[in-house]
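Just below sit the structures, each encoded as structure tokens.
Two complexes, one shared chain (subunit A), two partners (subunit B, subunit C).
Right after this comes the complex of A and B.
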């Protein structure tokens, strides 16, 4: 148990330099194009010299960039995420009201995707080259090649035609409404995970089932069920976890278009508009947040490795 | 046994993460729910649901320069005057009556006993503060107040006086525009920059007041209990404004009855809107045009023949159908739309049809190029936002097809940079506007021709922040337009303006393209007719149940 704690602590410590490096990169990459930040902040107001001077002074834009970076970093560490260039709102408040939708989408779709991927992948592997395998493989091939925003539009058109009460606009005030709003998009995102992970599960499971140790196990007379689930599946799930980690971590990026189509107030839509508007403070924080989610997801996957495969040692 | 335990733990971990993810969201969201997103009444409550692609930047009248503000924010406030629905005249609102004392002085008798939505009385101090705020501070529409010298308020007689620097025949319309709304001084001063923002407040005298605002999602307004005009005249109890960024999703929301009203229907989504049951699409003559602006301040387009060489390459009817779409029609010689020919319709129509409208003619283009300062050809940069990119590509190929040695490069700019570039805040090293040519559009502030002529063509608007995109100056034009401002007789004004327009047509600072009708779709349960001045006129107070 102490190993676990030490390992996790070490991994969390390792996140710090990664976060720092990325924060540095994102801060300076955004500014490399010489965008006039004062003009963005002034927006559609008359840009008189007085207004400009006031804005530059207020936002500290006359400071050297490196100093601005450290100011921003100090703010982030102390919980002051900066001011939105276009709305003048506190970025922390803005993002915290948007995170639940995105996190809900990512988590629900990941869990659904993982569970169904493993079930379908195992079924396909067990019935290799039979009609059911072909059907599942075709299904997964289809959804891994069709972009999820296309599926979203298609599903939306069908829902509008055949489910009269289905609502995909507006806000939500309680958990039930929240689920009602995010269930369909989460399911569509899950299809994407399912298609990818299912195919990995199938091929990994197939190769395990053909391994010599399975032949030995069969020769020893161990029941098929036990061979499949205790031996083959256990080994087969390891590569699946690797891919799952990648897939889940990048899911947060996939929410961008889905949120737009289902008009969900998540951070995906916010990122699009922030990038378009050169709204640097918002882009910076969102990129850092996405990175953090990515790092945490990878950590969770690494821990799962150990749980699933005792041969893997924590270092 | 150990393995089962592990599996159970894993399942539990996933379940917990799922639940925490969701419950935190329930707590994090403090928004009000709409009536399940569906349109119509909630018991006896009449809900009018507006769907639109963007969120208003704020609920502060100083920022009211987008349609999003018109659709939801504007109803929280009242202006001094209102435009009549036909857009031709102004009517009383917060000002009961008004008078032009002399050429440069107007007085407004302000209504007494008006309350703000927080229950406080509106005072002359509030009125004066509101007007001075938009006049003196450099807000997006401060150009409307260019001719104001100073404001004056008399709390005893409830009279507001404006003193202009010079006579201005179009001043009469300004008090009906959104910057001339009255805010509560104490609230605005207390909140500063936060006023009207998502976490600030919004207090006005209008028919509705802000109830909730969920960032990126929904804004709800309800009847203002202190509304000075009869609150019972309002049929709609609650206005729900849904932000639906995706065009297709918005059309589907209309189709499934989740929104009662939306506007600006794009060609791609039109078939979906047309298939909506119980919804009616309406289009009407508005003041929206699309055009090309030459930067006449610097080479190559400081040369009228270079301008004409490019103008003659452009097939306007192709652009009208390709980019303008179903509700657009090709323009003639004049940059202003036909809906603004009201001063003397026959004369304006005739001139528009007979004056040079620079139809595509490669022979004339070649002649103009030969007569220009650069007969061997030139290169120029066309600036465009994503909206007009397809149009620019079409123009690029039209110029290429002419076989003339003219090269057009497309510079795509983001919408966020567009304001700074169009209004000349972004300049080259010599202080000139940064583009050679611009594909853009304009919506007039009013139906009087000055709504275009003063902004697009008058030398006085050729400043940083001015809308004279062509940086066009012609002394003869300016003096004719200036004279028209001093005249009160419409026929005389019209004649002077027509003379000026003829000069502008010859100088070709713009290539006119097409004018586009405004389109909207509304649920058949509601009775509402939009006027040509949607931007100032739209109010849910005018939406009635059938």
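Right after this comes the complex of A and C.
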């Protein structure tokens, strides 16, 4: 147990340099074209030289970029996320109400997708080349080649046409409504994970079931159920975890899209409008936030790795 | 994993049923994109307020019209042109930038390789769609910044692939032979090794064209890619979304177009991969080989022996 705590602490410490480097990269990548930030802040208002000078002064735009970066970094560390260029609001306030939706979507879909992928993949591997395997494989092949973005559009069309009570506009006030609204998009995102991870589960489970140690176990008279779930499954799940990390990474960006399609009040809409408006403080914080979510999820995957595979040592 | 799909022995031929079907579909899409302005019954920008929001299969408009009476079928064709052209631009970008970087890193190795790969790792640690957003935020919305964004996202992956291919290729005997003849590194890399690497990567490029079409449609759908007067499948999806309750065909048609293209490209690239990869390519079994070619030859009916070489 102490090992785990130490390992997790170490991994969390290792996230810091990654976050620092990426934040640096994002900060300068956004400013690579030298967009006139003062003009964006002034926006529609009348731009007199005095207003402009005051804005530049207020936001510290006359300082060297590197100094601006460190100012911003200091702000983020102390909980001051900067000021929205277009609305003048505090960025922290702006995003805090939207975070639960995005987090809920990411977590629910990842857990659902992984659980179902493993169940279906194992079923397919156990019934290899039988109708049930063909059905599952075709299902997964279909969803892995169709982007979830299109799947959600089709699901939306079906919902709007055939489910009269389905509403996907407006905000939600209580937890029940939250889950009701989030369930369909989360399920579609889960399908994306399911298709990819299910195929990996199936192929790794198949190859495990064919390896010599299974024959040995059978020869020793160990019951089939135990062979499948204890011996083969244990080894088969390791490559699944590797791919799961990659699948979650691509899903982080996908949330933005799904939120837009189902008009969920998550951070997706905010990010898109910020990207369109060159609203850098918001883009920076949101990208960093999503990156953090991704890093935490890959940490969770790695911890599961250690639990499943005793050969991987905690380092 | 791919072997498990139960693909029957294809006798080493490229033209299996899935490849023929997906290839034909793609050829039709490609031809209709190239000749979009010839085939399209209307100009994609021609508005007809009398026929606004016409349903599918209404007279004069096969797929109906949008809110301001533009013919959906014509817009879909011209959208195909934009979408496919942008996808080709994206893949061209990744080939022109990614392949040389990867090859140089693979060939020379050492510090340059370490440095570039470290940078790539950092870039890759940002989820791809987010990286595209950052680039669009810096360069402004529009077709070319969209293309640039997706191109930059794809480049590290291409570079990594060409690097790993280069690592195995540079130890080959023919490279050693070329070097012993005193050829310059540039000549060895770009004239001798490049053709060998490119053929292996063709399957990947095909796949990338498919995913580039989807990625660009995604950006345009979000309003970050192709802008208003221009139309690709993504902007059509965006327009269709607003008319979801009034005329769902406006959304279904472009979604189907993207989907069919994406699936066909996947199948085609699987076929190319299966044909190129020597591990997956099934050569004709000896029994079949003898039956097909050797026995008639013995009887004096020399039949298409060169065909065997072509396939082998």
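The definition used in the following text is that the second predicted complex is superposed on the first by the 314 of 315 C-alpha atoms of A that agree within 3 Å, B and C clash if a C-alpha of one lies under 4 Å from a C-alpha of the other, contacts with A are read in each partner's own complex, and residues count from 1 in each chain.
Keep in mind that, in the parts below, a residue touches a chain if its C-beta (ideal position, glycine included) is under 8 Å from a C-beta of that chain, and two chains touch if they have at least 3 such contacts.
Just so we're clear, the structure is a prediction, and the values are computed from it rather than from any experiment.
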Fit or clash - subunit C, subunit B, common subunit A: clash
Subunit B versus subunit C as contact partner of A:104, first or second or both or neither: first
Touched partner set for A:216, first subunit B, second subunit C, both or neither: neither
Which superposed partner A:96 touches (first subunit B, second subunit C, both, neither): first
Which superposed partner A:256 touches (first subunit B, second subunit C, both, neither): second
First (subunit B), second (subunit C), both or neither touched by A:165: first
Partner chain in contact with A:36 - subunit B first, subunit C second, else both or neither: first
First (subunit B), second (subunit C), both or neither touched by A:156: both
First, second, both or neither for A:274, with subunit B first and subunit C second: second
Stretch of subunit C, among 239-247, 257-265 or 275-283, that runs into subunit B once the two complexes are superposed: 239-247
Footprint overlap on subunit A, comparing subunit B with subunit C: 153, 156-157, 160, 260-261, 276, 278
Of subunit C, residues touching subunit A in the complex: 1, 4-6, 122-123, 125-130, 132-141, 214, 217-218, 221-224, 237, 241, 244-245, 248, 251-252, 255, 258-259, 262-263, 266-267
Complex contact set, residues of subunit B against subunit A: 3, 6, 9-10, 14, 17-18, 21-26, 28-29, 31-34, 36-38, 51, 57-58, 63, 65, 138-140, 142-143, 193-194, 197-199, 212, 214-218, 240, 242-246, 248-249, 252-253, 255-259, 414-417, 419-420, 425-426, 464-465
Complex contact set, residues of subunit A against subunit B: 36, 39-40, 43-48, 50-51, 86-90, 93-94, 96-101, 103-104, 107-108, 111, 153, 156-157, 159-160, 164-175, 177-179, 230, 260-266, 269-270, 273, 276-278, 304, 307-308
Parts of subunit A lying in touch with subunit C, wherever the complex brings them together: 18, 21-22, 25-26, 29-33, 35, 129, 137, 145-147, 149-150, 153-154, 156-157, 160-161, 199-200, 202-203, 206, 249-250, 252-254, 256-257, 260-261, 271-272, 274-276, 278, 280, 283, 287, 290-291, 294
